[in-house]
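Following: one structure in structure tokens, then a few remarks.
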């Protein structure tokens, strides 16, 4: 199975299980997490890139994959994604390089799936 | 092999190898790490939950698994574990969500193994 | 002015300013942050200690002060607080020591104010 | 002295001293750090906001101040800055709140200085 | 395939792809990352160990593997590597233990490959 | 009062208070923290530099000050310290720059006190 499908299906399955447990704080937190990226003073694209760089400097591979997926969907280009990676590496240091490698691999799969 | 068994056997095997190397600082550190969770002014259950949330906000999957295992053994309930997860996500942010997914999967395996 | 008063008054003043700006995501996040520590499957004391250790391993002095303040109010003892500190230092390492120093100083001021 | 002036003058003074020491790696790193925020596939404003959120989730007050200063100069609005803060708090958690308080105070000083 | 070969070949393949994309900031950052470990006031061995401990306390498994590989090549001994691990665990805490386990396993593979 | 004296006297005073509280885990942790830097397979100087870079990439100003103090005492040179800073900035990213500024200021005070 492709990385993209595997990531999305695991994410979906486990989110469902988490939300099935009636913990109100977690449920509201998940819902707030969606709201934060909606169009506002800043547009959706800028917000996705903000989510992407935050995920990268905090070195959360799954969060990076999620934001790469949504960035790709809304038409962010490879050049733009690489500029996000470059700032992330400068700010977060060379410990971001392994995450950049995996991010590039995931991005390329996103591109090949949409060809 | 189940995740639980795989985690425990790898942990045990590698801890043995580490302790076989005669590095006194590491040996004392490992021993101190056990002491810290023993009954004191706070009871064992509270200390396990402290270890669990610390592991979650620091995003250490193996540490989470370890504390989920011991929490399960001493009778912590699913509702309690979810409340730890909810505080962890609030304090540590949405980058804890992927760790929560894996923690929930591991917890459910612990529950199914003990049925 | 005492550290305790200074911390509380700055916190209150700035929280008001943040909430005065009509950003719904931040407002809901602040409100959720309060909810997370309310009585549930776990009692308020356990939750405060969870908040305290999470703050300490993530090395957020202001968050530590806040949870020390509420812990003190609800009757957590010095011995209990020190056990939280000891687990925090084990899990988070010696980089937590400077935060422990400042936490001890703050705790002692909380105790002297309540005499 | 205002916070803004104090921050800028200390930053400038110490950067000069660092660059006066002939360490080529540090010099090139400082120079690269400037390059990363220049106009490219992404515009300067987006890049500043990327720098701002990365600084906030990594909880670097001085880095936040620097990017607030440049963001203010190029015309970023208060509403936009708050949306960056809100995503930062969601992704990075409530440990970002104390940094948000200080960021709001600094931003308001930037605004009052430019009136 | 051995862990060592797998790590090196993935690292090489992805670095090539990253550098093939003409992002100057990333390219210069990668080149600077090499320069930083070259002989200077401190010798190459000390610098490798600095890179190793920094990678360990920041908990970057791939970075640890890379520095273990170069450390092994230049003749660092097992006793020395364990002393780096012990300081890393003290400074960075018990969340470094799982990374130490994987590091020990990788080091032993490096040793067995060179026999 | 000089920064160096202020740091040392606060550190000493608070360490005494922490150790006065009879928490065995904390006491043993403090003692282990001293042991870790003693001569072994690696010499004292290398270990101090390992402690310094670990403190810098984890961005703990007080820990940096402590290791700068001991490094200065045992004759580490300015060129060597700067090489540690340069690797720390590469590995840990530009968020280490503000800590480098404060480290340079502290180092220069250490040098001026010993003239």
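Note that the chains are named A, B, C, D, E and F in the order they appear, and that numbering of residues resets to 1 at the start of each chain.
Criterion: a residue touches a chain if its C-beta (ideal position, glycine included) is under 8 Å from a C-beta of that chain, and two chains touch if they have at least 3 such contacts.
Remember, predicted model here, so these are calculated numbers, not experimental data.
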- Query: Between subunit E and subunit F, which partner chains are common?
  - Reply: A, B, C, D
- Note the shortest touch-path length, in steps, from subunit A to subunit D. 1
- Note on the structure: With centres defined as the mean of Cα atoms, the chain at greatest distance from subunit D is chain B
- Does the subunit C and subunit F pair touch with the same residues on each side or with different residues, judged by whether over half of the numbers are shared? different
- Quick one: which chain's Cα centre is the longest way from subunit C's? E
- Task: Match interface E-F to one of C-D, C-E or A-D, accepting only the pair for which over half of the contact pairs are the same residue numbers.
- Result: A-D
- For subunit A and subunit B, let me know how many angstrom lie between their CA-based centres, rounded off. 27
- Message: Can you work out the whole-Å distance between the CA centroids of subunit D and subunit E?
- Response: 31
- Among the residues of subunit E, pick out those that touch two or more other chains and give their numbers. 25, 29, 32-33, 36, 55, 57-58, 63, 79, 82-83, 86-87, 89-95
- Considering only which chains touch which, label the overall pattern as line, ring, star, complete or other. complete
- subunit B-facing residues of subunit E, complex: 59, 78-79, 82-83, 85-87, 89-90, 93-95, 97-98, 100-102, 104-105, 108
- Which residues of subunit D touch subunit A in the complex? 32-33, 36-37, 40-42, 46-47, 49-51, 53-55, 57-58, 63, 77, 79-80, 82-84, 86-88, 90-92
- Counting only contacts in the complex, subunit C reaches subunit E at residues 57, 89-96
- Which bits of subunit A are touching subunit B when the two form their complex? 10-11, 14-15, 17-18, 21, 23, 25-26, 29-30, 33, 55, 58, 60-63
- Query: Which of the residues in subunit F end up touching subunit B in this complex?
  - Reply: 24-25, 28-29, 32, 35-36
